[in-house]
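Supplied in structure tokens, the structure appears directly below.
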Amino acid sequence: MRIDAIDQRGVYSPLRRFMKLILRDKAGLFGVILFLLIVLIAIFAPQISPHDPLQQNLRLSRQPPAWQAGGTWEYPLGTDNLGRDMLSRIIYGTRVSLTVGFLGVLIASTLGLVLGMLAGYMGGRTDSFIMWITNLFLAVPYLLLVVVVASILGRSLLNVILIFGFTNAPLFVRITRGEVLRIRKSGYVESAISLGASQGRILFDHILPNLIGPLLTVATFEMSGMIFYEAGLGFLGLSVPPNIPSWGNMLSAGRQYIQFSPWIAAYPGLAIVFTSLSMNLLGDWLRDVLDPKIRRSA
Amino acid sequence: MNSNVNSNKNDKPILEVRDLHVRFDTVDGVIYAVNGVSFDLYPGETLGVVGESGSGKSVTMMSLLRLIPEPPGRIVSGTARFRSREDDLDLLQLNMRQRAKIRGNRIGFIFQDPMSSLNPLITIGEQIKESLERHTKWRGPEARQRVVELLEHVGIPDPDARYGNYPHQFSGGMRQRVMIAIAIACDPDIIIADEPTTALDVTVQAQIVDLTRRLSEELGIAVIWISHDLGVVAGIAERVMVMYGGTVVETGVVDDLYAHPRHPYTVGLLGALPKLHENVPELVNISGTPPSLFAAPSRCPFEPRCPWAFKTCRERRPALESVQRDGHFSACWYDMEKDKPREVRR
Amino acid sequence: MSTTQPYVSVRNLKQHFPITRGVIISRKVGAVRAVDDISFDIPAGETLGLVGESGCGKSTTGRSILRLYEPTAGTVMIGNTDITTLSPEALREKRSEMQMIFQDSYSSLNPRHSVAKIVAEPLVIRGERDQGKLRRRVEELLDLVGLEPDHMKRFPHEFSGGQRQRIGIARALALNPKFVVCDEPISALDVAIQAQVVNLLVRLQKDLGLTYLFIAHDLSMVRHISHRIAVMYLGRIMELATYDELFRNPLHPYTQSLMSAVPIPEPKVEKSRTRLLLEGDVPSPSRPPRGCVFSTRCPFATDRCRQEIPQPRELTSGHFIACHNVDDPEVSPRINESRIAIVQSLEDASTGGPDRTFAMATGAAAPGAAAPGES
């Protein structure tokens, strides 16, 4: 008995399909491009910054952006109250934000993946214990934790990253656990058991690869959230030390000049908005693209 | 296409669909779901629509009241003339408000999965009452009384008590009865039933088929019964329309079509069916796979799988033509009646 | 129960799932009796069809027999080994002899694995690492189930339902099993594709000497593939007989109602045939009725049915039935009357049938026609 190959007439080539998939979601495409641009800016900050972000020049303090009266193209986005170049500071601020986002999510997702897989796969007491700890963690207001840690250990980038990593882990634990429970009941895990597969094989060959997609999507959203909150903490003076150019710090510094020199607060604010936006769009886009089953839906 | 034989010979069709084309734009390509479908539905008759998944049977019917998602779906062309006591209009030209007045009122629907059409947070009775109040003059306690009557009518025991129950308190078969009650609540002219018994057990399926047949006769409602099961259709339909690759390949009166199938696909389908009543050594294999829906049909869609296929089949698409049996049409270049290729005028 | 040495022998199998309450200290408050005391044999190389409606425990039976669930009680002998007592390691070893084909071909194939990886998985689990050998075996298996070698690199979502089911079959056959549980393998497929898959399963059984437990809700397809058929209701077997005997002589009222409900593609017969329509719904398996589980819906039920559980007994050679009334002098005439009417309408149907078949095309076809079907 022989059956024909699948009738593929008229089906788009993988490349065209991929292009369709990308172009279909215009907002997603915008998010992807914006995100890549932001990452490039962070990496090449020293090369593209017109000035040293820490270079003070009080004579040039609070110079408006180039297109306003009194502005020069020497300082395209103007200067802050200490005469530092706004553009360069925003460019360097990207580094702080992305570092916090990337590393924070890395810690949170790694913790979440390990604990979530344990809880979901082992079940029983292990599950109860992990979920109990997780819920306990969720109940602690993170702002309080930040204030306490910052006052004990001092303000540092590492502290912020660690706090974000740990406070966000419960979310990843829950999502991983839920996915593991779902995948464990799936037909392909059942069939692997019926084939005599070992526990390790089921966990690492069947469950783990199917976790990546959903987790990556959540990670993107979480990263956006962390960048947002880092800026918030910076604004409250609880994040990185004030000598490091971060968007939150800049926002905080610009607050008192908002009436006469609004650009000092406005441009870091815009940077936060666009970064956050790009990641949310990216997350939506990833959800679609990573799903191997997305088919016959446009 | 003129059907000579139908239950009400002198009536005009209540629904006349002509040359309907529906496409879906997807990331995998353009799906040519419905490619020039025409059919008539007469008042009070039951039309069985048979085909495998992807044959376009559901999309055809759902397109009539724009129940397909648009986009990606797109009704490219066609007309659907709906002619009842009050109305005479083209369903495909209606605006949203006009459609809402027809949907659930003049044309009722029953879907495969009743749970997805019922709101889990509202009692069954209130849901039927809501539909009733939207489309008819029934109000308040009178409407409630009417709902109880409807529930009784579709065979739900103790309808007064069941009025206040939620969907999850009903079994699958009972939920489908509720859906039927909703469908008939406004005394519609047509009911479109899309695989309503596919998810049910055979014993429950038999009950639902019996109920639908009884209601259709009592209330004079025309029914379009979409199914992949030739057995179920045999029990309920007066006329049958067989679909393949987004086209109608054969249509006829049920007894005639089952006894004298004239399209190779129908012949294969009847042979592939396991028989409860006789033991055959091997079921007929319709070899190959269904046609790609991503390409516009230019030849006969069944040609690659057809044992009768010859040169013309690969070159031109056949249209529905009478097979010299009353009301029986087939879209095939091979004349089974004479057992030779049809004369083709170039 | 059978004259020849059975390959699979199930005795008093019970599969109860506890219903628990409480989060911290959970306690058992009841049990779902999914499978309740069933026994049957399957001779080597034969197929037992297991039929029943949703929730009757047929799929659970299949899984318990392969110990995908831990059976509550009973023994399952597969090729002289009682698999209910095997250690986890021995069980994993034994799994190469017994395999399963799943209903949902979509979810039973890992969406992120290629066909090659899926079909080779059982071999890899057994320690085969030689890529060349794996490749050759996968090609061989794909060929066996009618797929092309170049399908290897593709992923499950690129296939149609019938083709995915073939991938599942290829995987199940990779280790040369002797016993395969087919859990509704065709229920989700289109009619024409169902026939393809069933014909494939029948051919594989002949070629490879497989023993099948074929689970289905559809009596007509089961009739086609099975040597013997067991009818299940609410966790118990109601009737078991050879397919010929069962269809000529359906004695249990439930078998009769099931048989009378299966649609027949003969319009005249289908519209007028005698049906034994059941009232009400299937009771919950967590609170099965006292006495006979079918008694709440059986049109012939007596007081005795509502009190006393009927044990399966061999009424005539090879025909087992669990019903008090089949030889009860008061009730049996009525059951018999119903049986005659139902069997009669099946016989009426067999006189009809379409006047054209694919076989006719072979001789009559014009030059260049494709060969009909295949074998």
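Order as written gives the chain letters A, B and C; numbering starts at 1 within each chain.
The rule is short, and it goes like this: a contact is a pair of C-beta atoms (placed from the backbone, for glycine too) under 8 Å apart; a residue touches a chain by one contact, two chains touch by 3 or more.
What you are looking at is a predicted structure, and each value in this text was computed from that prediction instead of being measured.
Participant: Based on which chains are in contact, what kind of graph results: line, ring, star, complete or other?
Facilitator: Its topology is that of a complete graph.
Participant: Of all the other chains, whose mean CA position lies farthest from chain C?
Facilitator: A
Participant: Would you kindly tell me how far, in whole Å, the mean C-alpha position of chain B lies from that of chain A?
Facilitator: Inter-chain centre distance comes to 49 Å.
Participant: So the centre of each chain is just the mean of its C-alpha atoms; given that, what is the distance between chain A and chain C in Å?
Facilitator: 50
Participant: Would you mind pulling out the distance in Å between where the CA atoms of chain B average out and where those of chain C do?
Facilitator: A distance of 31 Å separates the two centres.
Participant: So which bits of chain C are touching at least two other chains?
Facilitator: In chain C, residues 160, 162-163, 196, 199, 374-375 touch at least two other chains, as defined above.
Participant: What positions in chain A touch 2 or more of the other chains?
Facilitator: 1-3, 6, 295
Participant: Hunt down the residues of chain B that sit against at least two other chains at once, touch-wise.
Facilitator: In chain B, the residues touching two or more other chains are 285, 287, 289-290, 304.
Participant: Could you please specify the touching residues of chain A with respect to chain C in the complex?
Facilitator: Result: residues 1-3, 5-6, 128, 186-188, 190-198, 201, 206, 209-210, 292-293, 295 of chain A touch chain C.
Participant: Can you name the residues of chain A that touch chain B in the complex?
Facilitator: Touch list, chain A to chain B: 1-4, 6-12, 17, 20-21, 24, 294-298.
Participant: Contact residues on chain C for chain A in the complex?
Facilitator: Residues 24, 66, 68, 91-93, 95-96, 99-100, 102, 104, 106-112, 121-122, 125-126, 146-148, 150-151, 155, 157-160, 162-163, 166, 168, 171, 175, 196, 199-200, 203, 374-375.
Participant: Provide the residue numbers of chain C that touch chain B in the complex, in ascending order.
Facilitator: Residues of chain C touching chain B: 53-54, 160-163, 190-196, 198-199, 202, 217-221, 223-224, 243-244, 247, 257-268, 270-271, 275, 277-278, 281, 346-347, 349-350, 352-359, 361-362, 364-375.
Participant: So in the complex, the part of chain B that touches chain A is made up of which residues?
Facilitator: Residues 24-31, 71-72, 285, 287-296, 304 of chain B touch chain A in their complex.
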